[in-house]
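Contents: one structure, followed by commentary.
Read from first to last, the chains carry the letters A, B, C, D and E; within each, the first residue is number 1.
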Amino acid sequence: EEFTVGAELPLTGTLARVGSGMQEGVMVAAEVFNKTNGKHKIKIVTIDDESAPAKAVAAVEKLASQGAVAITGGYGSNNISPASDAANKLGLVYITSGGVDDSLVNSGRKNFFRINNTAGYEKAVQGLLADMGVKSVSIVFSTKEATSDLANSVQKVLATKGVKAVTHSFDPAITDFKPIINKIKLQDKSEAILMVGYENDYVGILRAARVLKPPVKAMIGVWSLATPKMASEFPDLMPNVYGTALLPFPAHFDTADGKAFAEAYKALYKKEPDYLGQFGYVQSMLLFEAIARAADKGTVKKGGVAEELRKTDRDTLIGRVQFGANGDNPNFVHRMGQHQGKNIVIVWPKETATGSMVYPGLPW
Amino acid sequence: MLELNNLSVRFGGLTAVNAVTLTVGTHDVVGLVGPNGAGKTTLFNAISGLVRPTGGTIRFDRQDVIRTPIYRRARLGIGRTFQIPQPMHELTVRENLVVAQRFGTGRIDDDKIDEILEFTSLADKAHRDAATELALTELKALEVAKALATTPRLLLLDEVLAGLETSGKRRFMGMLKEMHERFGVGIVIIEHDIETINSLCQRVVVLNFGQLIADGTPDAVFNDPEVIRSYTGAAHA
Amino acid sequence: MLELDQVRAGYGAINVLWDVSLKAEAGKLTTIIGPNGAGKTTLLRAIMGLVPVTAGEIRLNGERLNGTPTWEMADHGIAMIPEGRMVFRDMSVEENLIMGAFHKSHRQHVKRRLEEAYEMFPRLRERRTQLAGSLSGGEAQMLAMARGLMSDPRLLIIDEPSLGLAPLIVNELFEILERLKAGGRTIVLVEQNTERAVAVADHVYLMQSGRVALSQSASEVQLQHLHDLYFAR
Amino acid sequence: MTELILQALYSGLLQGGSYALIALGLALVFGTMRVINLAHGELVLLAAYIAYSVESGLGLNPAWAIPIALLVVSATSAGVYWIVSRIKQDREINSLILTFGIGVILTNLILLIWKADVRSTSSSWLQEAFVVGPLYSMRSELIFFVVSLLLMGGLWWWLSRSWYGRALRAVSSNRDAAKLMGIAPGRTELVSFIVAGMLAGFAGVALYSYGVIQPAYGGALTVKAFIITVLAGVGSIPGVLIGAVLLGVAEALTVTLASSALQELAGMTLFLLVLFVMPNGLMGAARRRG
Amino acid sequence: MKRVWWLAALAAAYGAVPLLLGADNYIMSLIVAAMVIGCVALSWALLGNLGGMVSFGHSAFFGVGAYVSAIVTVKLGVPVLAGLALGGIGALLASVVMLPVLRLRGPYFALAILAYAHIFRILATEWTSLTGGSGGIANIPGLPTILGYDMSGKTGAYLTILTIVLAFALAYRAIRASHYGTALRAMHDSEDATRVVGVNSTLLKGLMLMVSAFMAGVAGAFNAHYINFLEPDYAFNGLWVTLPIVAAIFGGYRTIAGPVVGALVVYLLDQLVFKTLIPTGHQLVLGGLLVAMIIFSPTGLLALLRRKDHA
């Protein structure tokens, strides 16, 4: 039996970059699923939501009218929120990894699932800092929603642990970070800098830090920093920088699932998989499997997909995934990686570490 | 009706109007003459509120109007024309007058507008676009028509006759005289044609380098040696 | 030198000139007079290509001029002095004058011509660095005149140069016109001051309602008669 | 504290230089044609992506992209002019939407060609620190600051002293009168667009060498450039420099003395304050009335 | 004759559209989104056509309207319909802060308003206690039930925004037909000339700014209750001004129907046709369409249709 799954993703506009990254994961998941699952087939229909809420809603509605049985995708909580509402109204499952805002899971959407959340990032960052034994941190974060949420909660946790954390929020439009770094250098005198932003922000901050050379011992960031792409594109900026990472690089996939993913990804896109693809893959794969199970029971059209998803308990590329009543994945804990030479080494948590961290360690 | 006291206007280092003291009565027709760049237009601008004087006072009907905004001075009864005509863009000739009348007087009187159009020979151009479809002299006529539509009590005319040929001038002067008598409008008119001034005005004032250098009957003023030297170049009366 | 043959022109739907034919002889001053709205300015603009000619022919020394873009008129040694409103308001007085000598063949003479222009209108020297847009009406008129003379044109087309000028300056203006004529320039002059225009002219055309109503040599013109006939409406 | 402020002033100055470079082409076209080219940011971005291709594809220093960027971007800019010149009426407002449309086209072309990834130079030579006493900057920032000053000086000279520059201003001031002087308005305006394109070319390569680019960035660049152009006053080149530096310094000082979240707020407030005091911009002249 | 056409159009808008398309959620949500843009476009065009002012900052009014309405309904429990009106009034009050920019002209004005939009966005981000900061406000109440009909569905939302737009269009028409309308038209390039005949141009322009702000504010408020979610980047997004400008000019910003028709045509064409043809990068076609439109029919779509009519 063939099922249509809708992918509502930003392929143009401000979120185009992350949206297309996630889309790659979705496509790979379909490819792998169709190859391995003999019984059912998944057909992906993608609609670009143009990074805009109203269009995300329309996209979900259009996907529904084209017979989609569930939606995977979504980026940015402001797009996910109305889009998942629309899906909810239409009785469709909506699964994502693109929004970490807690209000997404706290407002009673019955068919909403997500595999990652702020708490998972926060644990990882804080665990790394604890391993380093850092006593003072300067947190530089973008005033966007996801980033400020994460930064603020990390600051709170650190405060309870007796770590001094100074925050510097910056407007996303900012391009010159030297004045901020200079404040850290001359006023904060922290031991580490934590960057909570996006790729362009990291590049700006690291550049400014490389010029001003503040006396810190580590530069730490969150998503999209500890990636092979960053290592190859900014060889001067990345050495010894920390960031959340699902996998080391070069990636060695131990699990069958991981191998299948990596092979299919390379075959389709001729490049190394990145974290966006992995998240997209995991969320979609879980969805497809739930659809398959529901199909076997004949409950796809009767809310069976959500029911099956709720039963999920499985080790994935991002660790063990289960869904709580609100659709959130309580097990989610990110890992921290570090750029070491051309490689990315997982340095936290101890259990999954592939090497030891270079600390103190800076790009300059 | 209009009293200027020590009025001055400076642009940067240039004093365009220099301590001018002048009174215009309700029934006066005053000619304002002087060399190019003497400050005549600037004086009008100050009276109607388009430039802020750097010193002195302006009273209209005994009331200090120096801080009164332009539009309110218009409603008080100060009407003016622009030396370089400024029709209201995007409107027809007739609409120009409607706006002037409606906002200058608060009322609409179609007959009056027809009368003014007739008066200024614009009746057959009433539906032309004022900004793009008129010749220079027609634009000047429109300037007068607009000012008239606001039913002013003091009319400041800036070279409205320039560019008119002799008979047109004569007709226009007749119109001004009639206006003066019929509506009791006080007039200050800037004009370089001395014959026109002679036949229109009982009183002439002369500006030179922003200063008032003569004030009197046309006869007296145009025979003043200083006026002859700086302005006319020859005796005219 | 300049010849118009059955020229029609106007603004879009409004036709203004109706089959106008006239001639301006080399080295002579031809004046065009006529009541307001007769189409004099339109005629001059049509010659310069600023108003499209819909019928007829304009010739310069026998060569067809219709359709020549305005900016190529300078190549033919033609300059027009428009009304004072047409100065470059956002440029200084001196830059305005310099623009008058924009054509390649005149650029090297700029310094000397500037000096001549200031000589002619000392007021402009005083206002050298002022923006032309802030000049008084008369000053702008002088500037337009001086700018037109910067290119030392062979054929000079002038629209109401005395407009808004003080009597003293008007006298000077007509002296300048005399001098230009004596210097062998061909001039087409539109002027409202008919008396003085006819006095300097060699030939007079009278326009009325877009048509040439009369063509006479200046010496034959009886002004009073003309006024009674054509101007009174 | 003084050290902080000194660095803020210095950073602001350099940032101002880069803002000015980005604004220059827009200011030129605005000053000479009263046309606001809303595709200007995209032109700058196009040059930046060309620099990226030269660096990553050919392995050369991005500076080598300058000739190609100049060529491609000025040709594109000429294309923009060709379209703008086809507008028959209300050029001021219609050109807005026209160039906006062109900007949309360019953004999407860039997206299709170069993908949505974030790009920036990887040349370590350009990113190296340049230190004078207590003042720190990136080498590329300083280099392009100097380039920016030189270009500004050149443009200023060209506009105010050369025949072509004067012709440009004359056309913008009074088209018919300019024709009477023997100036072909169309050709002159084309040149202004081509020069604006070249300036955008420089700006783009500069941007790539010290900033981070992505396809959706063009609009933000246009807005910054536009703000500086307006701050400057119509067509004033010194105004562009003063306005840009003022903005850069105000932003840097806000970050240093208050919060970096308020940087944009400070910039906008400064912009409004200047306009309230000087409604015609820093170097704009008031019009004569009456 | 003309009146008959208008009545037919009205009947189609109120009757045929919901009946024929009401079942299709997707089409209806496109139409509603287009109408929201059309409403802002109308307000933008009013300011442009009557006030002679091109604004790049209508997103300021849209955002303020959205926030005010969201806050009063969520925090104070004000009914949604009253919230819509308060949203409009909030935007109007925001425009009062902007009155000093009326001294500015042309692009100076356009950008100054944009600066306000940026400032408001930053305020909405930083004033966390009131606005929820960058996280925004979720679970904004939807449109209420009126006369037993639940307006929170697609058809209800459509009828609501249609009525709002219609009311605004009528108000616009009344202003334009009045003497104030004529005086406003006159002011564009000749402000001094209108002042010296007694027009208080600053007041008139100020009023137009306020009316326009009110309209955009109501549109923003409506959208907040329709999408049920708000955050600064979204509420003050530049798209809330660029799309309406495109729509208004495309349809013909000098006419009253133009902006709304323009919004519908542009948005629906883009989403239904171009997006199907080129799933990503379809804006390319839209850009091309805009360019072609300005060159071939600069006065807008309606003028183009009218011309075809005569030919």
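In this section, a contact is a pair of C-beta atoms (placed from the backbone, for glycine too) under 8 Å apart; a residue touches a chain by one contact, two chains touch by 3 or more.
Please read all numbers here as calculations on a predicted model, not as lab measurements.
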Separation of subunit E from subunit B in steps, with touching chains one step apart: 1
Chain of greatest Cα-centre distance to subunit E: C
Chain with minimal offset from the mean of all protein Cα atoms: D
Which of B-C and B-D has more C-beta contact pairs: B-C
Chain whose average C-alpha position is farthest from subunit D's own: B
Distance from the mean Cα position of subunit D to that of subunit A, given in whole angstrom: 36
Between subunit C and subunit A, distance of the C-alpha-averaged centres to the nearest whole Å: 76
Distance between chain centroids, defined by C-alpha means - subunit D, subunit E (Å): 31
Subunit C: positions in contact with at least two other chains: 134-135
For subunit A, residues that touch 2 or more chains besides their own: 11-12, 143, 171
Numbers and ranges of subunit E residues touching at least 2 other chains: 122, 125-126, 192, 280-281, 283
Chain pairs that touch, as defined at the top of this document: A-D, A-E, B-C, B-D, B-E, C-D, D-E
Residue ranges of subunit A touching subunit D (in the complex, touch as defined): 11-14, 16-17, 19-20, 143, 168-171, 173-176, 178-180, 182-183, 186-187, 198-200, 203-204, 207, 210-213, 229, 233-237
Touching residues on subunit E, where the partner in the complex is subunit D: 48, 54, 100-101, 103-108, 111-112, 114-116, 118-119, 122-123, 125-126, 192, 238, 242, 245-246, 249-250, 280-281, 283-284, 286-291, 294-295, 298-299
List of subunit D residues in touch with subunit B within their complex: 289-290
Interfacial residue positions of subunit D with respect to subunit C in the complex: 163, 166-167, 169-170, 172-174, 176-185, 234-235, 285, 287-288
Complex contacts: residues of subunit E adjacent to subunit A: 24-26, 29-30, 33, 36, 122, 125-126, 133-136, 138-139, 223, 227-229, 231, 233-234, 237, 239, 271, 275, 279-281, 283
